[in-house]
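The structures come next, written out as structure tokens.
Look for chain A in each of the two complexes below; its partner is chain B in the first and chain C in the second.
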Partner chain A sequence: MEGFVLPNETHVTWTVMIVLYPYITGLVAGAFIVSSLYHVFGLEQLRPIARFSLVSAFAFLLFATVPLLNHLGSPERAFNIMITPHFTSAMSGFGFVYAAYGIIVLLEIWFHYRADFIARYESSRGLVKSIFRIILLGSTVRTEATDRVDHKLVKVLAGIGIPVACILHGYVGFLFGSIKANPWWSTPLMFIIFLFSAIVSGVSVLIFLYQFVHWLRRAKINQVTLDTMARFLWGFMIVAVVLELMDVLSIAYEQTEEWAILKELITGKLWYTYVICQLLICSLGPFVFLSITTLIRLPRRWSNGLIFLSAVLLLTQVLLMRWNVVIGGQLISKSYRGFTEYLPGVFAKEGLIAAATIFIIPFVLLWAFDKIFPFFTPDESQEGTPDAV
Partner chain B sequence: MSEKHDMATRRRFLQFALFNTAGLCVGSLVAFGSSDDSASPSGPDDLSRFDWGFIVDTTRCIGCGSCVRACKIENDVPDGYFRTWVERYEIDEEEKVHVDSPNGSLESFRQDYVRSKHIVKAFFVPKLCNHCRNSACTQVCPVGATFHSPDGVVLIDREHCIGCGYCVQACPYGCRYISHSLGTADKCTLCYHRIHRRLETACVMACPRDARICGNLKDPRSRIRRLLHERRYSLLKPELSTNPKCYYIGLDLEVK
Partner chain C sequence: MNDKSHVYRVFALLVIAIALGFIAQRLLQPRSFGEEGHYRADSLADIMDLEPVHQGRAACAECHPEINRIHQKDIHWGVQCEDCHGPGRAHVRYYRDGDGGITQDQATMPAEYTLEGCLFCHRKLAARPSTFAQIDVAEHYEFLHVTDPTTPCIECHSPHEPLFLLESVSEARVHPVIFECDDCHAQPVEGDYKEVPHHPTIFVCGDCHPSVTRDFAKHEHSFLRCTACHLYHPENETSGRVFQNSNREFCMLCHEKKPFKDPVGVPQIMLRPHIEQMAPVMRRDAGPLLEDPTACLQCHFDYIHDSRLIRRLQEQER
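This part shows the complex of A and B:
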């Protein structure tokens, strides 16, 4: 505790769970947007990663609410948010936006995988066959015409999904940005900062998994796909970081009443997590690395290594950004005269082990899904790779 | 013959309709027109005649902490959390401001916060929920569990609150907390169970200096209205437009 904090502020209300929630939601939105770049905007270079990104979005989506449920004081009443929504609250739309987005992603996956489901249905017997019949909702016929309809519907759903993904994540930013009581949160830019950081984290996690899985399997990566994703990551991260800096810069330049306490926050409590780690190491580092890989021709090994490192650093950057926003904002006393403290417990209900478990489960789910329907087939990685080494 | 019969039936019908309409009109007038006056003073119908407000006279508070203790006992406030607390402000000869509120002043202020410097100005400021007219906490509650009662008190429905903590974040005054035993948000109810029965709040009862006044802002003859006309007062964080109903007499610029 530093200076004076109001007596009720000695306990931080929103814990590491609420750090994790926008982080996971960001991965959902980012991964979905990557898949849509292929499905809607026809970026052929992203084809090998399109289906993987779509399923990743769904895997993260399934677990986005888990940290929230773990955090709620009365989780058994969670559905009140949909039964009795109070529409003056920014939070009341959550259930509906989340559900709508979940349905869109689920439908898109279904149409995307219908052909694979049918193939499995036809080649299997007994119980498995029945399961696939249920998954297929009895629609087991595949012709050229059905394929055309499936593709068209995937495209339409991906198109609808883009604004919904933006709303889902931008809205998470709005939850914080609309709290006028908190000077570190209250900014109209929060909406768009969260959106861009979401895309950065989504692209980063895809690059990370794509390279990691291929390294693990000693498989050849599709260099064009990776380079395209790295270029997108470079562009999106520049916008995200500039927006974050512009926000702080404008408050600092205006020298508002809040700046006195925010300056102390940045140079004190958040010095390491915000200035050193988030800005210097995890933003400036990837910016330099990705600038090199995008602008200068390096040996493949080197450039792929730098891309991988940048993806890991940017994943950390976004996690740190969530931490610095969610926890940082709560450290400031509403008396503007001091700072409270927060250290998550390790074994606590909302501690680090619980957070790590919730974060890891979607990856396990992806691994299990890959066992049934492999994401990366050898011929896919060779497509469109004239300059792959 | 049949034409005559028709005429008679029509006449009877019109008479019937006319008498009935007149009866309904007169009946309604009697039933609803006088309802305002006939309701009993403590009945639920007269809640709209009240608008509860609060005055904190910072010039009278001596920081004894009786209000905090009374509130804790009356409302079973969990340890480490406060529905009301008292802050102490001390300004030294170098114009540095020192503020403290050890354990919300539950055990009063047993020792000087600043011992080495000469104090040129000192005062106490009790705080509690401001029961804002435009309350940020009510606005952000996603399930509508926090609401304004018809008599102007911000309350929480403990059986509906999901304990998300959004209201705790939205309150600019740090008046809310999550009660871990209830799993819901909690805060000052202005002793609603007492004021509803025309009893004073626990903190008002306990204050030995008459530094706290609770009353009906809609009653032009109430003490709270008279004091607001006689004294100069201020609000906490008026720039946030929450329109608080907790009025501070003698509020210093240093208090946020």
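This part shows the complex of A and C:
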């Protein structure tokens, strides 16, 4: 503890779980928006990653609230925000937005995978056949006309899903941005900053998984898809980082009374996690690497290596951003004259092991889903390329 | 089959699910919810019917009169037993009322005497009034030559009798406010405020007790502030109570030999063997000294003050 800290500020209430919550939610929104780029905007180059991104969004969505539930003292009361919602509480809307978004993604996956479900239904027997019949709601006929309807509905749902995804993640930013007593959080820009950083993390995790899975299987990458995602990542990361910097710069330029403590926070407590790691290493690094891969023709091996490195760094950047916002904001005393401290435990209920476990489970789910319905087919490496069209 | 039949089915299912959701929301809403405000009105009666889990100090005193006596006279008198030990309902029911539905395990009350437990109130914070007892653990342990940083406070301090006051708090002398440098200064201050130009004039001990402070400066304990032993406890903005602590247990807070203390540093002893060994040397009888709570001052008073000066002043006062 440093300086003037009030006695009720010695304990940091929102732990690493609350860091993880917007991080996973961000991956959801980002991954969904990538899938929509293909489904709604017809970006053929992203076709090979479209279904993977859609299912990824759903896998992360399923676990977005788990850190919150682990954080709560009485998680069994979580549904009260939907049973007796109090609309003066910012959190009360989250349950409804989350549920609506979950339904949209689930429906989109259902329509998207319907043909696969029918194929599996026809090729299986016994209990598995019955399960697929239930999943298909008894409608096991597939014709060209049903395919057309499914494709159309996927497009419509993806279209509706974009604003809902934006609201879902922007809302998480709003939860922080609307806390006017905290000078590090209270900014209307928080909504947009969180949204863009979500897209960055979503695209990064897709690039990371796409390259990692293909490397693991010694499979050929679809270069056009990867390059397109890298270009989008480059664009989105520029906007996200510039927004964050502009927010800090505007407070610094205004020299309002909170700047004195924020300056100390940035140059002191958050010097390594914010300035060195988040901005210099994990923002400037990927910006340079992605600028090179986008603007200069490099050997594929080099270019793909830089894209992979950028994706990993940007995943770390967004995690650091969540940490610096959530924890950083709580380190400041309400007196604006002191700082408290926080270090997460390793084995604690809300410690690092618990956080890592919650974060890894969606990846395990994706792996299991891939075993039943493979995301990437051998001929996918050629899809979307100008030669294949 | 209709090309859109599966669409109708899935959306029908969705509509049913949403309808069920709304019905469930209505059904799960507590019956009296919203009657008085955004809460369950019946909860007021439910809460009023709850039996208090806290029993109050009087219930504790029934079975623990001796602890209650020392607790009541010392500086923690305002701290309720259950603040540290937790609610006592199960404990009282089991031990006093013989409630068979409670196990001994449930009836055992925790003792929150861990380092963190004490620091909840006594951690040094700039936001706390400087007159409130508070420590920076590292500084405190360095000062006392404690080598093990995990040593719990109760190794030296008794939570029931933290200051070992010989007289009750209520009988302590009322004293005008005593200013401490850290009331205003965040960093430790050395020297006399009078040497600082334009410093506000404040009362210091030497203003009223000049001969005592001048003499104290010549003694071994002169590195301590007067209030290290003459503890001052504010009661309002202008006055408080000052405790003239002469209990040997208070001296032993610094001078007791403990395994977690560096033996080189503060002179350290084991009280009983020390009295037994030194009494014949000092031509004193060890028996009464062992019983005397002011035993340390019987021989060591002059390490603190000039005993003749203090005696003379006390006679003048009478």
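The criterion applied here is as follows: the second predicted complex is superposed on the first by the 383 of 389 C-alpha atoms of A that agree within 3 Å, B and C clash if a C-alpha of one lies under 4 Å from a C-alpha of the other, contacts with A are read in each partner's own complex, and residues count from 1 in each chain.
One rule holds for everything that comes next: contacts are C-beta pairs under 8 Å (C-beta built on N, C-alpha and C of every residue); 3 or more make two chains touch, one makes a residue touch a chain.
Given the structure is predicted, the values throughout are model-derived calculations rather than measurements.
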{"item": "Fit or clash - chain C, chain B, common chain A", "value": "clash"}
{"item": "First, second, both or neither for A:Ile179, with chain B first and chain C second", "value": "first"}
{"item": "Touched partner set for A:Ser92, first chain B, second chain C, both or neither", "value": "first"}
{"item": "Partner chain in contact with A:Gly73 - chain B first, chain C second, else both or neither", "value": "first"}
{"item": "Touching partner for A:Pro7 - first (chain B), second (chain C), both, neither", "value": "both"}
{"item": "Which of chain B and chain C A:Ile81 touches, first, second, both or neither", "value": "first"}
{"item": "First, second, both or neither for A:Arg322, with chain B first and chain C second", "value": "neither"}
{"item": "First (chain B), second (chain C), both or neither touched by A:His39", "value": "neither"}
{"item": "Which of chain B and chain C A:Tyr336 touches, first, second, both or neither", "value": "first"}
{"item": "Partner chain(s) touched by A:Val141 [first = chain B, second = chain C, both, neither]", "value": "second"}
{"item": "Comparison of chain B and chain C by chain A residues contacted", "value": "B"}
{"item": "Residues of chain A that lie at the interface with chain B and also at the interface with chain C", "value": "3-4, 6-7, 10, 84, 86, 333, 335, 337"}
{"item": "Residues of chain B touching chain A in the complex", "value": "80-82, 85, 87, 97, 99-101, 103-104, 127, 136, 138-145, 160-166, 168-180, 182-185, 240, 256"}
{"item": "List of chain A residues in touch with chain B within their complex", "value": "3-4, 6-11, 13-14, 68, 71-75, 77-78, 80-81, 84-86, 88-92, 94, 175, 178-182, 330, 333-337"}
{"item": "Complex contacts: residues of chain A adjacent to chain C", "value": "1, 3-7, 10, 79, 82-84, 86, 103, 107, 110-111, 114, 136-139, 141, 143, 145-146, 148-149, 153, 333, 335, 337-338"}
{"item": "Chain C to chain A touching residues, read off their complex", "value": "1, 3-7, 9-10, 13-14, 25, 28-30, 33, 38, 123, 125-128, 186"}
